[in-house]
Amino acid sequence: MTNDDTTAMRRSPLLIQLGGLYGIWLREVKRAIRDRGQLVGGISRPILWVLILGIGLNPYFRGEVYGEVTFVVPFTYLQFIFPAVVVLNILYTSVQSAVSVIWDREFGFLREVLVSPMSRGMVLLGKVLGGATVAMVHGCLVLLLARFADVPLTLSDIVKALGLMAMLAFALTSLGVVIANRIRSFEGFGVFSNAVILPLYFTSSSIFPLDPALTRAQARITYPEWLVTLVEINPLTYAVDALRGVLIDYNQFDPRLGIAVMAVAGLVLFAIALIDFRRA
Amino acid sequence: MVFQEPSLDDRLTVRENLELHGLVFGVPRALRRKRIEEMLALVELTDWSDKPARTLSSGMKRRLEIARALIHDSEIILFDEPTAGLDAQSRERIWSYVRRLRDERKITVLVTTHYIDEVEGCDRVCVVDHGKVLALDTPDALKRDHCRQVLRIVPKSDDDRQEILSRYADRLEGEAGESILLSSSDSLVEAVLAEYGTRLRSLSIDAPSLEAVFLSLTGRELRDQVAGPRERTLAFGRRGGEHTR
Amino acid sequence: MLTLRRLARDLGGLGIVIGLLLLVSVLPPDTSLDEVKANGAIRACIPTTYPPLVTSDPDRPGLDIELLREVADHIGVELLLSPSDAIGRDFNPRHWAVNRGKCQMLAGGVVDSALTRSFLETGPPYAETGWAVLAPAPIANVEGLTVGVLTLVSGLDRIGLSSYLRANDVAVRVLRNEKALVDGLANGELDAGVTEAVLAGWLAAENGLWVAPLPDELARYNLVFGMWKGDLTLKRKIDQAFRQLESDGTLATVLERYGAARIGQNAPVPEL
């Protein structure tokens, strides 16, 4: 055994960090796959939102007379809400994965990992990447309903959508970690769902459009000003919009804005999470 | 490092828990595989290697954690209350691993515990109270320095009682009911026996124990504290709270 | 071995989820196809005439009409046509009085444009179109000419056309039907005419005129059938019908018969 001992020490530090990164990532993915509760959420959300809400409201958003606009967006409600449900699934799963940081930190594997040779940055990166991967998978579950919602998907659409989803999942998981780091005692996920996820989702222009044909002033006549302002300052609005641009070719804002917002949010949130993490 | 509360991943299998540890601590693949088998055999969990950790009993979990701590090479290993809350069999088993470790792999094993009788076999014992080191020495030295042997005698008659009390006034520790407590040494025991042997109803020697050392060092008051956020979260998890494990 | 079983169990859960979601896709999202089948007929709103898509000749009823019949056959229902004078006549499609009660499909020159999509669901494209210019003899460009414009069925980019014509300093005459265009060219009132490409091709062939598509800066569009937004089941059935028509060669035969094939995607774009 003494011979082995020296070989372990001789590995390059980078290799050790990458191996550990892989280990933590794999753990997150395995845990999520085995968490039946999370899987149930991953399937019930798309079904409820796309199937029930989408179909339920679909007839109220369709044209009855040619030339007459009843829905400001040239899509069915099903198509319109579809990209938003992808975002919703990613949102829930990302935050869920991130929230487990609280438990990991106090009682779980983080305590064990933090005494290892892994650098904290790599531990956090592994955790965030793992959570983001799981969130991506949950987002892809929604994409399975594309045919049902009549969203035509070409290969290039899917690749672009996956890219956006990855950025979004990374940013949201980082956000989850930032919040989790600031919470000392965890007594239920409900508070996250009600205080973070749903408000973000509902004010992201996910379930109703801000008509792009209208000017700012006009939008403020259609909707009360406070609502328009809420939608406009919600960064998630731009992520939903970018994804909508890819999936159903409809943008309310410049699609590059969505990418920029996600990239900046991802980097900033990860940096904050890292600072907190180093301190913790 | 072995923690007081289980820090295993309940949803990973026994083997996956060990794999993760090996990866995080940078143990090369071949060595990792070998060590995992060895350590599973050591803590007698080979048959359970593909069962999720959540299906293990608390004693088995503790054994798994010990196996985990040994996957990578270390010169010192810290056990934070490895036997807390376990049955006698598991405790005995765990201590046998710890002793084997010390002897076979030449590792420094640092153990914290509340079961003071368990540390008798250790090389050095440190008593810590409120973050202050109160004593650090071998068990024998501690007993010698911090705990006196007490002779407990119950004389048959009142006359003898008065006689003993006056004669050994300098050694008197106190009286408890009928018995007289004397700060003792081996020679004193012999002297008392020779002189009063037939006139005593009972005689007993309170041998020094580490428990007595501990109590004499730290006092006897209870240490109550308000539950912090950490305890509240743990309680939530124990109730089966979601998104915990 | 055991680890493999573990893996199978892990992925099994995910597999069940994926299976369930795919199963949901089989559910019909609406009742549009059921309604068509229950009525035993599918109704299509068409303009009264739009050669070669819709003609008044019973032997050659028109490209769109023939395709519609094939589609109706595929669904197994009758085709009912409801021709309307108003279609294509008025700039504002709302005045065509085409609504959900009158017909399930809209045919006869519907193009797949953002404007169409904002009102209608579109079927698969079967021919390409755009603005084309007609003249008695080849012309180098339209600058300074008197041009008759026949817009007919909406959907093509009228705003783009008008700015193009304005930029070329063209005197525009808005025409009401193809007869006015042919007559105008014949009697010299018009130097050239601009209209939808399939119609232009047809008119050129009938009247021995020169035809060319307008340059690329004016977008080219696909000819499609219009359906109501949200009629997903019907749309899927029609898509399926088109795939069938395409694979058994019916589509190519019909296009060939009406000379629309040459305006297809591989047609050379003559220089104007």
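To keep things simple, chains are lettered A, B and C as they appear, and every chain counts its residues starting from 1.
Operating definition for what follows: a residue touches a chain if its C-beta (ideal position, glycine included) is under 8 Å from a C-beta of that chain, and two chains touch if they have at least 3 such contacts.
Because the structure is predicted, anything quoted here is derived from the model rather than measured.
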item	value
Touch-based graph of the chains, sorted into line, ring, star, complete or other	complete
Between A-C and B-C, the pair joined by more C-beta contacts	A-C
Most distant chain from chain B by Cα centroid	C
Chain centre separation (chain A, chain B; CA means) in Å	48
Distance from chain C to chain B - Cα centre to Cα centre, in angstrom	86
Centre-of-Cα separation between chain C and chain A, whole angstrom	39
Where chain A touches two or more other chains, by residue	30, 34
Chain C contact footprint on chain B (complex, rising order)	13, 15, 49-50
Chain A contact footprint on chain B (complex, rising order)	1, 3, 5-9, 11-12, 16, 19-28, 31, 34-35, 52, 68, 72-73, 105, 229-230, 232-234, 236-237, 241-245
Complex contacts: residues of chain A adjacent to chain C	30, 33-34, 36, 39, 42-43, 46-47, 51, 55, 58-59, 61-69, 71, 74-78, 137, 141, 144-145, 147-150
Complex contacts: residues of chain A adjacent to chain B	1, 4-5, 7-9, 11, 15-17, 19-20, 22-24, 26-27, 30-31, 34-35, 37, 96, 99-100, 102-103, 106-109, 111-113, 115-118, 184-189
Of chain C, residues touching chain A in the complex	10-11, 13-14, 17-18, 20-22, 24-25, 27, 29-30, 45, 92-100, 106, 114, 117-121, 154, 226, 228-230, 232, 235
